[in-house]
Every structure is written in C-alpha cells, then in structure tokens.
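Below: one structure in structure tokens.
Naming follows writing order (A, B, C and D), and every chain is counted from residue 1.
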Amino acid sequence: KSTKKGVIKVGIVNNPPSESGYRAANVADFEKVFTEANGYKVSTFYSLKNDEQLNAAAQFVTDGVDYLLISAAATDGWDTVLKSAKEAGIKVFLFDRMLNADESLYEAAVVSDMAKEGTTAVEWLKAQKLPEYNVIHIQGAMGSDAQIGRTAALDAEFAAGTMKKVVQQTATWDEATAKQIVESVINSKEKFNVIYAENDGMAKGAVAALDEAGITHGVDKDVVIMGFDCNKWALRELLAKNWNYDGQCSPFQASVIEEMIKKLEAGEKLSAKKVISEEKGFDARTITQADIDTYGLGE
Amino acid sequence: MQNDIVLSMRKICKAFPGVRALQNVDFTLYKGEIHALMGENGAGKSTLIKVLTGVFPKDSGQIHMAGINKEIYVRSPQEAQKLGISTVYQEITLCPNLTVAENMFIGRGNYLFVNWRSIEKKTTEILAKLNIPARANQQLSTCSLAVQQMVAIARSVDMDCKVLILDEPTSSLDENEVAKLFSLMRELKSRGVGIIFITHFLEQAYEICDRITVLRNGEFVGEYEIKDLPRVQLISKMLGKELDDISALHNRRELQAGSDATPVYEAFGLSSTESAKGFDFKIYKGEVNGFTGLLGSGRSESVRAIFGADKITGGRVMVSGKNVKIKKPRDAMKQGIGYLPEDRKQDGIVEDLSVRENIILALQVMNGFFRPFSKNEAEAFADKYIKLLGIKTASIDTPIRQLSGGNQQKAILARWLLTNPKYLILDEPTRGIDVGTKVEIQKLVLKLAEDGVSVTFISSEIEEMLRTCSRLIVMRDRKIVGELRDEDMTQAKIMHTIAGEAAQNG
Amino acid sequence: MAKGLNKFARSQLVVPLFALFLLVVFNLIRDIEFFSISIITNNDGNTVLSGNIISIINGASELAILAIGMTLVTASSRGQDISVGAVAAIAGSIFVSVLRGNQITIPIILIAFLASCFVAVMFGVFNGTLVAAFKVQPMIATLIMLSAGRSIAYWINGGATPTVSSPLLVNIGGFIPGIPIPTPIIIMILFGVLIWLLLRFTNLGLYTQVVGINEKSARLNGINAALIKLLSFMILGVCVAISGCINVCRIGLINHETLLLDIEMDAILAVAIGGNSLGGGKFNLSGSVIGAFIIQALTVTLYAMKIPSTAVKAYKAIVIIAIVVISSPIVKEYALQLRNKLFKKPAKIMENCENNGELTI
Amino acid sequence: MINNRGLLTGILGKKHRDPISNTSFLLRITICTFIGMYILAMLIWGGGFLNPQQFLDLFNNNAFLIVIACGLTVVMIAGGIDISGGGVTALVTMVCIVYLDDHSGSVIGSLCIALGIGITFGLVQGILISYLDIQPFIITLAGMFFAKGMITIVSAVPRTAAQEAFVTLKQFRFEIPGIGYYGKTGNFIPAKIELGVIVAIAVVLVVAVILKWTRFGRNLYAVGGNKQSALMLGINVRRTKFYSYLLAGLLSGIAGYLYLLHTGAGDAANATAAEIQAIASAIIGGTLLTGGVGSVLGTLFGVLILKTMTSIVVTSGLREPYWQSITTGLMLCFFILLQSVVLALREKGSLKLSLPEWIKFRRKKSGTDSTP
C-alpha cells in the first residue's frame, strides 16, 4: 500500500526499556538493527500491560505492517490477535519471551530459555556442595516468562527436599521490597545461607539488608548471593567477590530476526521454529574483567 | 375536639453532645389550623421538626398521628412523607444540580420511570399558578435564593399531605411572595391540612396563625390561642424577659447625619462581572446607609463589588481620600472594610470548623500568615463575642455546623466585628434572627456608627432600614435610581422611587 | 480527667491507634519475640539496632512522609495526587544523575537533593496549577504525571537503572556511624517536626482547612485559595523528593520503573485509615502517620507469617476492611449501646451516643 | 413592603442562563473532540486510521473497559468511587477459566459465575460503604487487593481457556458485509465486530436509560448533588448508594466475562490499571468526581478518546520509548486544559456570543412566558 517498494514495514511490541537493564539493552539492540538506513519502517509500542500490548498488536495488524515482532508481557491471550495477523498475511516473530499460542500462528521464536537459565543456576548452586541449603527465594513479577522459568528449577529442588525453602516471596522486580523481605527473615532469626533473586536489582536490595544486619555475603562468606541479567555493575560485584553467581539472559535477538526476515523476503523457508539464545552463568570465582566487558549490560 | 388532632407530640427529648436541644416538649396540631412555633434562635424549633420528620432520632417521647392507633416512629424523611408530613426545612434542601421540575417531583410517589413530559407539564402549571419566575427545565442552581425557596414550598404544598411544616420559609421572600404563600396556606387550611409555621416575624405569625407554641432553650413554655396572647407577652415568653424599647433607636438617627469631610469610602463607576453596572457611591465616617430595592435589584451585587467579592471590571475607588485598588476581598480588608455576606451557608460559615475558628478567621487572615493567634488569644477573642452577641453554643470548639441558623449568623457577624472595621457592610444581617437579637443588632449598628464606623446595612425589612439608616440608596434593575435622606425616608417615598420610572417603562 | 478521656474516645485517632494496638497484640501472641530489638554490628562496623519494630518504622518512613503531604493536598483540594510514585522516580533520577556527575561529597549530596527537590516541587506546581487555576479535579490532573512520570525519569537516566555507591549514601539509606537508629527514621522525624512547626507557627493548617471546606468563604475572608492549594502541592513535592531520595539511598540504585511503585494507593490509604476524610476539609496529620505505620506493620507481619507472596494482597484487604469496619461510626455506636446495655448506665446514654447528633447518611 | 410582581418577573426574565446544562455541554466537547481527533488522525497519518477495522477495534479491544467505566460512572454520579473494577475483571477471567477447564463447566455456568462474582463484590462493597458509612475509596481499594490476591489463590499461573464451547463462542464474530480491507496477499478481509461489543453497547444504552428515565437513576443524581438535601427530599440515600455499587459490581462481572471473551486468558495481570483508565474516561466524558454530574455516553466517548490517543502515539512513529508516555501525558493535559478553559469561558459568558440563534430565541421566549 503506502509502503515504498523495498521498504519493509515492521511493528514491534515490546516491554518498556525502563523495566530493567536487560530490557534497555534489548530495546537498544532492536533500535540499532531495525533502522531506516537498513530499509525498515518501524513502529514500536512499549508496555508492561497485557491488554495494551494486545491493542497495539491489533493496531499494527490494521495498520498493515509486513512483520510483527512481539515480546509479550504476559504469556496468555494472544491467539486472537495472531490469527487476525495471519489472516491479513502478516508474519509474526516472537522474541525474548515465548507466549502461549499455537506454533502455526508465528513464523519463529527467538527467545531466551528462561527455564534453562533457572536450571543452569540451580545446577551451579548444587555444585557448590554446601552442607545445607536454606534458600531465600525472591521472585520477579508473578506470571512473567522470566519469573516462571527461573522459579521452576528451584521449586523442583524444594519439592524434592534437597533444598529448604526459608521464604519465597515476590518483590515484583523491586529492590526496596526485596530488602524488606530479607529484613523480615533476619528479624525472625531463621537460618539461611542462600539468596536466590530473580534479577540483579532484587539481589542488590537483598544484599543491602544483609549489610545492615552485619551478615557477610559472597565467596566463602555466610550467604551465597545469586542474581540474573548480567548488568555490568552486578558483574563487578561478582568480580569483587561480594556476590557468587549471575545468570545471563541474552537481550540480543534483533540481528537473528533480521536475518530471518531477509530470508523470507528472498523467498526462502526458515529452518527452525525456535531459536534459543546462547546463555551462560558466571561464577564469582572465575569471572574476569573481559567477561564483564563482553557480556555486561549497561555502562 | 380530640378527634380533630392530626398530630401530637409528648415529652419529646433530644440531646446533642453538650446541648439539650429539646426537653419534654409537647406539641399538638389540629386539623385545619395554622400553628406557629416560636422561640429565640437556638430554642429548638428546627430540631423539633427534624425529630418529627426522622432526620434525627429522638431520645425519648411519643408521637401520635390521627388515623394511626399506635405510637409512630419516623426513621427517615421518606417515612415522614409517606405518613403525610411534608416539610420545607430551614436551609433550602433541594438538589442544585437537578432541574426545577425534578426537584419538585423527586423522592415522591411510587413510580419506576420518570415521565419527563408529564412532570415538566405539571411543574409549569404549578409555577404558573404560584407565579414563580422559573422554567421547569431550568437547572435549580441558576435560580435565585428566593426562587429556590419558592420551589421548595411549591413542592411541599403540591404533595398530598395531612401536615405541612414550614421552617422559616419567609426569610428570603419579599412581601408579595409572602402574601402569595399565605393565601396558599389559607387554601390548604380550608382543606383541613394542619400547618406548622416557624418564623421570626411576629406580624406574619399574627396575620395567619391560629395558635402559637413557644419554646425557650429547648423547653416547652406554653401553647396559646393567638388572640389571648398580645405581642408584648409573646416576646417576653420567648425571651424570658421584656424586650427593650426600640423607639429609642429612632431618635438617635439625627446624631449621625453625614459630615462634609472626605468620605471613608468612595467609588466612581464601579462595575463587576456579576453585572453590577457602573455606579457611584460614597459613605462618610459614622454614617449608616442602606441599599434598598426589589428582590434581585442588585443590592447584593453592588456591595459585593465594593468589597471586591466579584471580579471588578471597571471603576475607581478612594478610601479616606486616597486612591486605592480593590480587586479582591483581601484588598478591601486591608482598607478596613468588612463584609457580612448574604448567603450564610455558601459564603459565610466554614462548616466543619469550630465556632472559635470561624469567629477569628477574618482577623487571623488580616494578622498575617506567619502570625497565628495562640489558642488562648483566640479563645479570649471568641469568648468575648460569644458573650457580647449571646451566641448559643455547646462550647467554643463545637463545629459551627451544629449551631442553629440564627446563631451561625451571629458568629459570622462576630467575625467581622472582631476585625474592627472602618467600614462594615452588612448584607441581610438579620435574616433568620429572632426578634430579640434583631433589636440587639440594630442597636449594635447604631453603636458602631457612634464609634465612628461607617456601616452599609441591607435588609428586606424596610422598617428596619428606616430605623437604622440615615441615607437610603434605592436600586432598580441593577442601577441606582435614587437617594433618600432624612425626612424623605418613608415607606411611601421609597415605593415611589422604585416604582416611579417603572410605571413609565410600562 | 474523665472528660479528657471522653474527648479522646471521640477523637479520630482512637481507631487507628486501636488497630495498631491489635496488630501489636496479634504479633505478640503469634511470636513473643516479634518485637525484640537486638544490638548488632553491621558490615560497616557500626553498632546498630535491629528488629521488627525498627524494620516497621524504617520501612514506613517514605510512606509516612508522603502521607503527610497527601493529607495536606487532600484537605485543601478535596482530591488526591496519584502521581507521587512517578514524580518520586523523577526526583530520584535527578538525585542520581547529579551524584553520578560529581565526586560524591556531602555538599554534592545536598546539591543533588536540592535539585531533586526543586524538580519535584516544579511538578507539584504543575499539578497544583492545573488544580488551582484550571479547576481540574486532582485525580485527573495528576493522571498526566502518572502516565508520563516514569518515562521522564527514564529519559533523565538515559537508560536503565544506574547505580551510585558511596559510604555517604549508605549513611543516608542505612545508618550514620555512631547512631544506632536508621537514618530514614531520623529524617522522617525531622521532617515531621518541621511540618509541625510549620503548622504551629503559620496559619497553614487553618487556611488549608478553610479552603477545603468552603472555598468561596475562604476568598471572602481574604484567603487566596488557589495559592493555598498550590502550596499544598508544593509541600507534597518536597515530600516526594525526600522519599524518592531516601529510597534511592537505601539500595544505591535507581530503578525508575519500580521505585515506590503503587505508593500513591498506600499513601491515600494511610490518609483514610488515619480517620481523615478523602473529601477534604479537616485533617489530622498524626492520623495519617499512624495510618502509614499500620500499613507497614501489616506488610511486615504478613512477611513474617510467610503468607504466600501472591496472596498477601488478599489478607491485607481483609485486615484493612476489618479496621475500617471497626472505625465506622455506626459500628462504634452499636458498640456503645451494647456497652450501655451490659453495664446498665441508661442515664448516660444521651451523652454517650456519639454520633446521633450528626446526619449520618 | 415594596412590591411589584410584574416588574420582578420582567427583571428575572432577562437573566436566564443558557438552557444547556454543563453536563451536556461537556458531553458535546467530548464528542466533538473525539470526532475531530479521529478525522485529524485520518488526514495526517492515514494508514490504519483509514482502515474501518481499526475503528471497530477500538470497540473490540475495549469493550470491557467501556463496561467498567459505565459502572464507575454510575457510582461517581452518586458521589462515590469504585476502583475495584479492574481487580474484579481479572478475578472473573481466572475463576471462569478454572471452572471451564478444570471442572468441565458449561458456558452458561461460567457466565453465571462471572455475574455472581461481580454481584458479590458489589453487594459487600455496597453494604460496607452505604450502610456502615465507610469511605468508598478504602473499601474498593481493599476490594481490588482482595480480588488480585484471590486470583493467585485460584490459580498461581496464568491460563488460557481451552473448553470447546467457550472457544467457539470466543471466536464468534459479526462480519459487516461490504466493509473491510485487503490483506497482504490481496484477500479481502471483512470488518468484524466481537460479541462483547454488542454487549458493551447494550450496557451503555441500558445504563443511559436508567440514568435518564428511571427513578433510581434520578435519585443517583440527587444523592451525588447533595446527599443531605436528597435525604430530606425523601430519597433513601443509603439504598440508592447501595444499588449504585451493586450495579457497578455487576458491570465489573460482565466486564470480566467480556475480557475473557476477547482474550481467552486468565491472568492476575489482566486489566491492570483499568480502574484508573475508567476514572479518566469518565472524567474526560464530563463526569465529576464530586458527584451529581455525568453521563454514560460521555464515558463511552471518554474511553474512545483515551484509546485513540494511544493509537495516535503508536502510529506517529515515535521511536524513543519515553516519548510515548510523555506524548500521551501531553495530549491528556491538552484535553483537560481545553475542557477547563472552555468551561471557564462559558461561565464568564464570553462564549454566549457564539451560541446559535435558537438558544437566544428560546431565552427571549421563556422570558415572556413567565410574565402573566
């Protein structure tokens, strides 16, 4: 229609960059790749709210974009929109987060495997061979893909009885709330030796509570600290041996998707339905400055 | 005779925290009579009505009504309406955001759907019949106070009732409307409706009522046939003492004839957004002048313009010979002008604050933001004026909302007296005030004048103005049409001035 | 004495205090050690107090400060500011960006705080102008900042969650060496005293109430109603800046998306639990502060009871409803009547029925 | 005393205010703004705005919000507030899904559950607020907390409905013949309306009728205008308030079901902040938080305006993420100021000049009317 020949219209539905350091990097990545110079006309919409995301996706469909890229705030409720996109001949990619819909409704998903991040972290924890595991588990916003994936692995251990759940609370990604949760455990004088926070910010909040209570943390100290996302400042804490572990969650999916789009434009078929980003976890004992420079997010 | 009783109340008691508003009050209403309920401000008249109509629960006592064998318990105004008691409360109690027609019919009868056409038609009829200058589909808030009062009355009268209660319905009506109301009351009376009529105007009571019940301080004083009770006695029953002789007030008028010095306040071509047209006005030290005219002739608007209460659009003002700018009330206050507004509830009282805070408010504002009075100072000020004006209140910390209407008015008056104004504007200060206090206020005004304060006094009662003012400014149609002084000041002259040109306009 | 007691029984503080008392008793029954305070040495080597009481008061600092400002806004403008969380994010971001641009010293911290105060007050002026001059309803006027605020903060931060670290900031968010009480508590108390002085030595309280109850009357008595409303929004701006900065100092990081998230609801709730009418007019600041403590005590209790995090809100709701039901004038009246019946004091019924003098609708 | 009736009416007759009340005036501003905004968007950005489906999607996507906002309008007119709408909506979606999928429930049954939950919330909140005199904000905030808490107690994880009958119902669409757009492959896609839209429009109409023509509706206005007066006029204030909350609760229940019909998902994050949006819509539509003034038609357009603003921001191609919210804020600000300034001008009377002739005519006529 109004699109000039050769210009590809792309609609991106994402979470707002302010959500976390991870997200900021993710948004920046997409802004870098999908530019006018590269031949794209891009509209974006950012929201943490499921219904707003759904509305925006529907609008992109009626707007007649060629490709719709979605990182869903919540996993459910998408199939209506995806169906209308399919009907209109719009190709959908999922990135960063999976959503709960039939495979036929999208071209491909380029995602982090949150569940795998969780298992990697828990495997690492088990490998520490602590005499006992008393874990404070601080969850992210309930229902997000990241929370579900990172919680599952730990929940399995709790259920199996290999680790003891001291407390499991959501701090909805908020540092101050995380601090209060840990404070409450300290006040109750219960024993704990691991803090498993589902992102870096909450881990930082938890550590602040420990510092105030005079409890040591980090490598070979009283409490093991675990976080996710690999913000640069968090990795520096690892390097300083104040924290023990940080799980990576790769925000860089834009170029992978762009390649796929190019393929489709050239009339080729895509080989895989699901592309999982390569991710690893960092141990305070082995991390190097080079790691921080390559993998750290933010400044 | 017994059979003719429509309503009887026995030994009614009602106490509020700190006040016994009613103690063992008896009241009997016969079929087809108009029964005046009289007493000073705060005597408990309104409370008795509210107990009867279920606004307040009573503490003890019995209420009986004709046709019902048992004692009745009224829990809400709605129930009272169902029992055939329809009421016009003291403060206008209509909904300003609804139309006139809706206000007439809402809350009445058993309907599920509103038939707009029919209620508007009926309303138009009623309005026409009572000659109320309003349209059925007009929003009530755009009507003047008097019209609202008339609508409230029309509503109650239109209801098919056995008992009609009118709590000070005439306080914001002019004589013509009062006459209309009276003829209406007579008509209802002939239909056998019992009417309870509360007023502070003795003439009105004597004109229309059959019997009088007098309350004093929440106690029942007595019930009298009107012909057995001369005015003087009625007054002494109400006040519990003799009323001072008010003829003395007349004589002093000579004392205050204007001087030739510079006026305390002088305005040239003053006009405001509320359509006060450019007018000239001046007042000298120690002078009492009045604005007179018909309802809605712009008296209030003129004084509001003087005080800067409405937005000023033009004109020049001099105070004590110096040019000053009065754009807002604050400016006027700085020049030593005080203003007691006409609409006590909307413009005057600060409902939830205590009597003390209400009294000191204006002085406090003049004293400055950074210099609040200490509690003791404030109490001393308030106490002095509570005594001086005889304000009836449970305590100095009672929210002013809980005072009776007249006492609220006194508190607002106290607020302005406290500021020691050079020039005090009183817009209807005696509205809803009992006979005794009215005289007190008039005396006070004269006393103030003697002390060198200039006063502008507005009242709907011409006698009152004649008694206190030395100069009258006559208004019509928002314009000053004449000025009367000394020997010119008679009822007839005033009427003439107002009507004179009107006749030509035809 | 008896009269004083009676007066107290009628005051609006009774119920919030009673609710607080119930929470305390409940916790003591649940765990006798709940309120024990211990003296410990923290990781910075300071001797400090620790325990649930400290956690409650400390955690409630921001909320209490905001509740004070919110009370004033409510009283004068008859509405609430729902943008406090978002503006706090902006204030925090300003604070952090000034700090990051400089070597962190005490004067720089002060400058950073003043800068954030200035910005927050400017946003207060923006909201206040809409409310006072343009007569927009507070909730809708502040909706603008609610929707735009956190994005503005993002823009200031130029990206995600920057961190600041300095022992000085830890002193503000945690403990000052030599003082065993958390600094936020001290700040809260200082601020409370400041506001008390303001109310004591100016007419702010009186003016605010008059404006809130009857604006027309306020004008006719020479009060500049618009200015008073504006002033209350500006004071709230200061509250917002203080609580934003405290919150940043606690963790040493600004996350504009989650900083004081949903605090506006809690602040409004604190005002209401404290017995203040959300319809404006008369107010009582101590009520709001107690309300803030109740909310925080409740949160800490629920954490301590290890209620599943997701269900916390449901329990909170039940407790809140219980509190307000007890404080409802009608329930109070029933309770008094019941007491009179039980203890046979019929003669005094009339004086005791608190509310029958008022129109309860 | 002084008197002259004829003269009096002469004077009074001249000073009539405009016959349109502020309510309908605000309503007009809202409607005009919406139409103007949409046309402007069509002219400037074209694209999606020219696509009829996008216009219909305004309704399709926000049917639930329209219904919540209607309930809220009713409560606000009576001088209260209800912020539990979003929470109840989310709770309904979750409970219905659990019932449909885990307890193999029927569609009718789930509908009953939805209504039941709504009514229960309305009932409890209504009783507490109107009969115990508790501030509505606290109660409904607690109601929202409770609903949100309950969702996760019902099911800790988000769910998608799978029950067949329900899915069929969910996928049902009314196709509008002749109107539509062309897809990428050149296929014609007819414009569609979801079932929920029909319900939402019906709700708007029914509530509008209730507000305008029933005793209950008028009582709401009276109570919101001045509850003391309403009481003394013989209105059962408590019962009126109670019913307003009950109605709002019921509508939240319906809204929950509509949400479910739209997305088919149950999630604690559903309809987050719907209450704030509903309040905003109602206020934009000319309803006052102070009570006594408002209309549901205005609220409907309030929702449309609010959502069109978002659409415009999305379409306008603002890349910087923060600009989206800031622009939304600015547009909201602009609208609010417009409303306020226009009202103020009108109050001052400077707007009277530009009013059409028939109003002036009517004023004259009614002036002569009242002269006997």
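For the reader, a short list of remarks on this structure follows.
In this section, a contact is a pair of C-beta atoms (placed from the backbone, for glycine too) under 8 Å apart; a residue touches a chain by one contact, two chains touch by 3 or more.
These numbers were taken from a predicted model, which means no experiment stands behind them.
Contacts with subunit A and subunit D are shared by C. When chain centres are set by their Cα atoms, the one at the greatest distance from subunit B is A.
When the C-beta contacts at A-C and at B-C are tallied, the pair with the greater total is A-C. Centroids of subunit A and subunit C (each the mean of its C-alpha atoms) stand 34 Å apart. Remark: subunit B and subunit D have CA centroids separated by 42 Å (rounded to whole angstrom). Annotation: 71 Å between the Cα-based centres of subunit A and subunit B. Annotation for subunit C: residues 150-151, 154, 308, 310, 312, 359 touch two or more other chains. Residues of subunit A in contact with two or more other chains: 16-18, 142.
Listed for subunit D are residues 152, 156, 228, 231, 268, 321-322, 324, each touching two or more other chains.
Taken as a graph of touching chains, this assembly has some other topology, since it is neither a line, a ring, a star nor fully connected. In this structure, the chains touch in the following pairs: A-C, A-D, B-C, B-D, C-D. Contacts from subunit B toward subunit C in the complex involve residues 13, 15-17, 55-57, 59, 307, 309, 328-330, 333, 339, 341, 346-353, 357, 361-362, 364-366, 368-372, 402, 415.
Residues of subunit A that touch subunit C in their complex: 16-25, 28, 48, 139, 142, 167-170, 172-177, 179-181, 183-184, 186-189, 201, 204-205, 208, 210-216, 231, 233, 297-299. Contacts from subunit C toward subunit D in the complex involve residues 78-79, 82, 130, 134-137, 139-141, 143-152, 154-155, 265, 268-269, 272-273, 277-278, 308, 310-318, 320-321, 324-325, 327-331, 359-361. Listing the residues of subunit D that touch subunit A in their complex gives 46-48, 51, 53-54, 57, 60-62, 152, 156-160, 170-171, 181, 183-185, 187, 189, 259, 262-274, 307, 310-311, 314-315, 317, 319, 321-322, 324.
Remark: subunit D residues 1-5, 7-9, 11-13, 15-17, 19, 21, 212-215, 217-219, 221-222, 224-226, 228-236, 292-293, 348, 366, 369-370, 372 touch subunit B in the complex.
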